[in-house]
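I am attaching a structure below and will ask some questions about it afterwards.
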Amino acid sequence: MGGYAFYVWGSYLVTLLLMGGEVLLLLRRGKLLRYQRPGIQTPRE
Amino acid sequence: MFRWIVLRDLTLAWKGRVDVLSTLFFFLIAVSLFPLGIGPETNLLRLVAPGVVWVAALLASMLALGRLFANDYQDGTLEQLLLTPQPLYLVVLGKVLALWLVSGVPLALLSPVLGIQFGLSGKALLVMAVSLLLGTPVLALVGSIGAALTLGLRGGGLLISILVLPLYVPVLIFGAAAVDASMVGSGVQGSLSLLGALLALSLVFAPWATAAALRISLE
Amino acid sequence: MLEATDLGCVRGDRRLFSDVNFRLSPGSLFQVQGPNGSGKTSLLRLICGLLAPAEGHIRWQGANICSLGEDYFTSLSYIGHRNGLKEELTPTENLRVTSGLAGSQLSQQEASSILGKTGLSGREHLPARLLSEGQRRRTALARLLTCRTPLWVLDEVLTSLDSSAIRLVRSLIEEHLNRGGIAVIATHHELDLSTDSFQRLDLAL
Amino acid sequence: MARINWYKYASPTNFYPFAEKMIPWFAFPAAVLFIVGLYVGFFVAPSDFQQGDAYRIIFIHVPAAWMGMLLYVLMAIYAAIGWAFNARLSSMMASAISITGAMFTFLSLVTGSLWGKPTWGTWWVWDARLTSTLILLFLYIGFISLQASIDDPRRADRAGAVLAIVGVINVPIIYFSVQWWNTLHQGATIRLLGKPTMAPPMLAAMLIMLAACWLYSIAVVLVRLRYIIIEREQNAARAAEVSV
């Protein structure tokens, strides 16, 4: 990697953190919704 | 009918002139603080002067935005303004003109005095005043959109700055560049004409957007 | 002639009312009643065009008020919960500004004579912030006398008014109705006005 | 004007199951394309003669920057449609897009500065495009904070629409003014984002990554849209209980 490994892997690590973080936050938001849900019943449940 | 709205706001500004003066004092103090931070060395100050004066003017006119609709919203006069038989576009233009006369013009007239603190020459001071005269109406027009959008919201003052500062960037760039060019001696027409173009663009679009935002906020 | 066809209103996510219909010919009084939060104010703001209806239309003289835009406002006077007065200005200045904006300039004397009619004589030149709530309400009412608009929309206009002021309001409305004007009023007080066409809408149902 | 009733079918409640089914179709291909793109980017593409392997950051930096800009324009279009035709679903879509767009813009800024360090030795370079992306991030933050501070969802949608439209008109002006400012002060600096000689595998890797970002965005936006629909339904139900 010619000594740039830190920057290259660093930026992909940041990508993973950001995208992964966004997805995780989203799923957590979904879980929060599952508990107080009066109306909408998704077909699966 | 147009002059009534301008007259009304000017008398109100005159009656509540403490707010108006506070905007000017903010500008004065903000600009005079910089030499204390940067150091008294004149040619460095001269280099920094356009940016400092323009950023201070930008922040001062943004402070003045808070008063544009808030008082009218509280005492119900804004509803009446929406129900006047004349187009809301004109009412907004009238109010923004009154705000500019009270906050923008004094800033522009005051700027040469502050420019001297930074060791600017005569021509640069003139160009600074002219660029501010051209730029502050754009700041008021674009800012009025933010003021209308954040009517009655908690944290309104701070929110306006987040909404409006990115939209102020072109004005800041062209304004400061005009003064910079005059100091370096290169052509000033370029950036001043671009400021003029921004003014024309915002004169057409901004009041329409503010009127729409007012209708939304007052629903 | 004001006409509403299956009017519906949603505020935020809450449906306030739906399929409200009424037809008001000149000279008719329309009283809107209902518990707090039942949408009285929203209905009045719908009529003024301040609020867009979720469903249905409102027509003034046959034309939809959305398409009428500003010309609809030439024939409308609205008094809401808040008085619409500037605290720093005196009643005469307030009145001159609102009449100027509505297109019919008033001189100093005309303004103070109108204010005299609404019982504010002697206090026309005091800044509005020194006036009591009732006096401010009277200044707001004075606005109705400045421009002869055929449609009055009054929201809780009788609150914080003393008995003489209530009598004044009744006479103003009666005069307005006799002139062939329409009045839409949201209030709990019994208006018991002698008028040929009187309609009442109770939003509680 | 007569209300166009065929928008009724775009009501949130019956869009909900449709979104439910579509999400896996976007989520899994996105993951696959990411892996393929990274593989091509790292193993197939030759290392650049000038910057060695530092340039491999562009495989995420450039797609993220493009996504940031495209999603802002898309957000403004959805917001405008939602406002003009009173279509609640379209406004919800705009709110759903705003967060993913902000994420991509922030990502492109971070990867941009990470790339600037090896090639230029400084974390932040006032390059025209990096500066414009920074301002684009502020526009996103403005939109998100405005919508967050308004409780009434209808007003939030419409106020956001006004801001998005004003923002979209300003984006080209900002880009032009920053470009102008950049050439004015620093002359023709090395263009950080100048395309290195694009060997075919490099271009292929970048396009695959872009497609992956697109699919990722669609999946995430649809999921967030579902949650916004549920949240609004809950608020409506709760508000109805209060008033009755």
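To keep things simple, chains are lettered A, B, C and D as they appear, and every chain counts its residues starting from 1.
We take it that a residue touches a chain if its C-beta (ideal position, glycine included) is under 8 Å from a C-beta of that chain, and two chains touch if they have at least 3 such contacts.
The structure displayed is predicted, hence computed values, not measured ones.
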| item | value |
| --- | --- |
| Pair of chains joined by more contacts [C-beta pairs], B-D or C-D | B-D |
| Chain occupying the most central position, where position means C-alpha average | B |
| Gap in Å, rounded to a whole number, between the CA centres of chain C and chain A | 54 |
| Chain C-chain D separation of Cα centroids, rounded to whole Å | 47 |
| Centre-to-centre distance between chain D and chain B (centres being mean Cα positions), rounded to whole Å | 31 |
| Chain A-chain D separation of Cα centroids, rounded to whole Å | 15 |
| For chain B, residues contacting two or more additional chains | 219 |
| Multi-partner residues of chain D (at least 2 other chains) | 154 |
| Every chain pair in contact, whichever chains are involved | A-D, B-C, B-D, C-D |
| In the complex, chain D residues that touch chain B | 135, 138-139, 141-142, 145-146, 149-150, 154-155, 158-159, 162-163, 165-167, 169-170, 173-174, 176-178, 180-181, 184 |
| Residues of chain D defined as touching chain A within the complex | 13, 16-17, 20, 38, 47, 51-54, 56-57, 60-61, 64, 99-100, 103, 106-107, 110-111, 114-115, 117-118, 216, 220, 223-224, 226-227, 229-231, 233-234, 237-238 |
| Parts of chain C lying in touch with chain B, wherever the complex brings them together | 45, 48-52, 69-71, 73-74, 76, 78, 80-89, 93, 97-98, 100-103 |
| In the complex, chain C residues that touch chain D | 10-15, 37, 55, 66-67 |
| In the complex with chain D, residue positions of chain A that touch it | 1-5, 7-8, 10-12, 14-15, 18-19, 22-23, 26, 29-30, 33, 36-40, 42-43 |
